[in-house]
Amino acid sequence: MTAYARNQWYIVAYGREVGSSLLGRTVCEEPIVLYRTGDGRAVALADRCVHRRFPLSESRIDDNRIVCGYHGFTYGPDGACVSVPGQQRIPRTARVSSYPVVEQDSFIWVYIGDPATADPAAIPRAPQLTDPGWTTVSGMEPLAARYQLLVDNLLDLSHETYLHGGYIGTPEVAETPITTEVDDDRGVIYVSRRMADAACPPFYAKSTGIDGRITRWQDIEYQPPCLYRLHSRVAPVGEDVSGFHMEIVYGITPSTAGSTYDFWAVARDFAQDDPAVSDFLYENNRTVVLQDVAALNILERVLAAEPDGYQELSVNIDTGGLAARRLLARMSS
Amino acid sequence: MTAYARNQWYIVAYGREVGSSLLGRTVCEEPIVLYRTGDGRAVALADRCVHRRFPLSESRIDDNRIVCGYHGFTYGPDGACVSVPGQQRIPRTARVSSYPVVEQDSFIWVYIGDPATADPAAIPRAPQLTDPGWTTVSGMEPLAARYQLLVDNLLDLSHETYLHGGYIGTPEVAETPITTEVDDDRGVIYVSRRMADAACPPFYAKSTGIDGRITRWQDIEYQPPCLYRLHSRVAPVGEDVSGFHMEIVYGITPSTAGSTYDFWAVARDFAQDDPAVSDFLYENNRTVVLQDVAALNILERVLAAEPDGYQELSVNIDTGGLAARRLLARMSS
Amino acid sequence: MTAYARNQWYIVAYGREVGSSLLGRTVCEEPIVLYRTGDGRAVALADRCVHRRFPLSESRIDDNRIVCGYHGFTYGPDGACVSVPGQQRIPRTARVSSYPVVEQDSFIWVYIGDPATADPAAIPRAPQLTDPGWTTVSGMEPLAARYQLLVDNLLDLSHETYLHGGYIGTPEVAETPITTEVDDDRGVIYVSRRMADAACPPFYAKSTGIDGRITRWQDIEYQPPCLYRLHSRVAPVGEDVSGFHMEIVYGITPSTAGSTYDFWAVARDFAQDDPAVSDFLYENNRTVVLQDVAALNILERVLAAEPDGYQELSVNIDTGGLAARRLLARMSS
């Protein structure tokens, strides 16, 4: 049985994915149905009819209510059943759970756990994604692997050199040591790498127009369980400029024991109005994400076939990932 | 481990499906091979060679005998092995089980359980399916769901309104209360619904030619575990006529824990010689069955992923289904 | 849990399959990566990076070393890690297992078990496969069945009559009794069948040009667990000649509990330079192997669905197969 960090906010969808039709997602093994009421508010309910457990996401919306596609049990946006076929009386217990929902920074967040403890102020922020001074491309790729593999992957970027060569990886990434800091009280992990004089990979060369070697900053800020941000900066070597900034954001949302939603977004503070740069970054980052997905899907099949307690060997590059495991274990207990 | 009602007759095939080639089916997890001998008699044997358990249904028939496709062990219609490769002596125990078989009302029935208790007179009847005064269309769809979901489905027709709108469902089906009777001694469940003034759905309008509202009778008679009959009648509202009759028959045959044979037939006592009506009813009822199959396959995947003891909430429409569960539990213990 | 014969040599590949790119195979549930160093030597290492268990077979070779495709951990041909990303120090335990390898008779053999007990002289031989006086065709088909089913299959050739009619089977194979000898000390099983006057199946008729009935010798020599040889000879009935010889070799290599590598080769001492005969024998024997694969894949699905301790009934033709089971059980304990 997989342990999940409960009493936590998770990204369940982009706001743009939720509208007047029903969307089914599963977060931490809880099936959730999402839609938007006529006044634009996003709603998240348990995705199982109380009657015979038919998925409400296979149903239809009528006047802001979900009408179960099997026998017509009808639910309001608060989860209360308001109509039962063949009778006037509605059983007192006919109600599906409703999830706390916050729409922020382009995401729909839901709270998994005891709703009484849900505090919207605790949701970590990624303000660049909707900042008018920045331009963002984003997507979501389903991952057929446990979410911990994505956490490991993102906390150690030395893999860029080997898995993402020709996109974002160059030899300097794996060669350059990292510094790691953990803020145990706030539950944040910081991993930083500064490459003073590095080759400029196509991802940055083609989007910024830099022609030559770069100074490259990778500053990771991970707020377990869900929000990962890479504050990325590149500048031509020796030029005393603040450089080009990208805010690379991942939402790491566990779905089931062996599947994860891999939300990804790239915001930039340059060439904001250039659609060719947007297209390039969208395609390029999606390719990089799919390279990770392919590798992690392979790794999941390997690990799923292993006996429990298989061996690993950790080295310096794993410092951030091990800290993340420790925080996640604490949150999941 | 799924419990099945044993010492019971089950529909394993239509008579037309069984001929001079071998047909493999699995009933209540028992693999069965079917064929017809030269004199037209249907034979049902255990579908596993005694030697190395190769499926006899992957073999061939030679002179009314099955010759195993792997090493040639040969079986007569009674299941006795009559030839073994490489030797004259046939081991005394070389025999596969033979199932009691009755061909009746277009179906091949087999008896699952102790053959000594098999009583052909106990097989429930659906005489309209072969009555010259009636015309029948029929088929079988495999269902990737436990058979109990099909029992639930057929015992509560209020789902016609939501799942089969535009075919057999109208609002009145779900709105009209039912009456349920259980004959515990004979093991029969009756569920009835009379709609005095209802819209006429396309299934009945196009087949009968009725143009306008109807009185509609649905009288279910279910004889667990296998035979379900819906005595259906429609007549124009206010016309004092006996109306148009359809006998809608289902054979609910458990195959494995998560699969079921869904036999269906529609017999009518009108437009008997009109092939266009036959074609229409065949296509329309098959579509309705496939709508059920799609919904129940979804529900099976949901339930299979749930922990045992998931919650349901039953209401009035479930009275027949709950009675069926009770009878089936008694028969399976 | 399947038991495998350990401390044994197994065929893992043909020599021609192993080169300068990486090949992943699994033998007795041990994942192995194979490649050839610049000097032509075949190398077999455990196919899991010590760091996070990424399959090394999904990596690339650089200067005779494997560079893990995920984070760049680098391994020499002896399995020792020689480079770790982001640091100079290489942990003392950073090493993957190396398997003893012998290339012989066209095969790559690996030793599964304690390498200290690996004795190359214990590898059984099939010298015809690389003898200049013989011509060989060969291939490998993956089997989705436990290896024991292939052992059973090959030790009892009476199935040729039923499964391979029109290729290598005629009625005489199943009709003719066998003689079986077991050399317990050397661990070899011999099964022989001599058909004095038999139909000549197409496999032999078309390759040898014999037109008429034949005397046919089948002399099996099985050295568990892996090497099976059928010394096959055919000659026209009554002609006092030594006949046409074929050496039909199988490598039976367990992969996982339900999968097996089925290596097959046919060597002949006639028409050595006729490519049409080579093409014919390749296609024909591959067809025969695929007929076995299809039957055994069906049988595996049957047995996997059965409770443990299912019943079999053994007869004379099974004498060799039962002896093989006994030797394999002894080797696996």
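The chains carry the letters A, B and C, assigned in the order they are written, with residues numbered from 1 in each.
Note that contacts are C-beta pairs under 8 Å (C-beta built on N, C-alpha and C of every residue); 3 or more make two chains touch, one makes a residue touch a chain.
Everything numeric in this text was worked out from a predicted model, so none of it was measured.
Under the contact definition stated at the top, the chains bordering both chain A and chain B are C. Looking at which positions face the partner, chain A and chain C present mostly different ones, since fewer than half of the interface numbers are shared. With centres defined as mean CA coordinates, chain C is found 47 Å away from chain A.
Residue positions of chain C in touch with at least two other chains are not found. Within the complex formed with chain A, the chain B residues making contact are 152, 156, 158-159, 161-163, 174-178, 295, 298-299, 302-303, 306, 310-317. Chain contact summary for the complex, chain A toward chain B: residues 31, 48, 50-55, 58, 67-72, 84-87, 91, 93-94.
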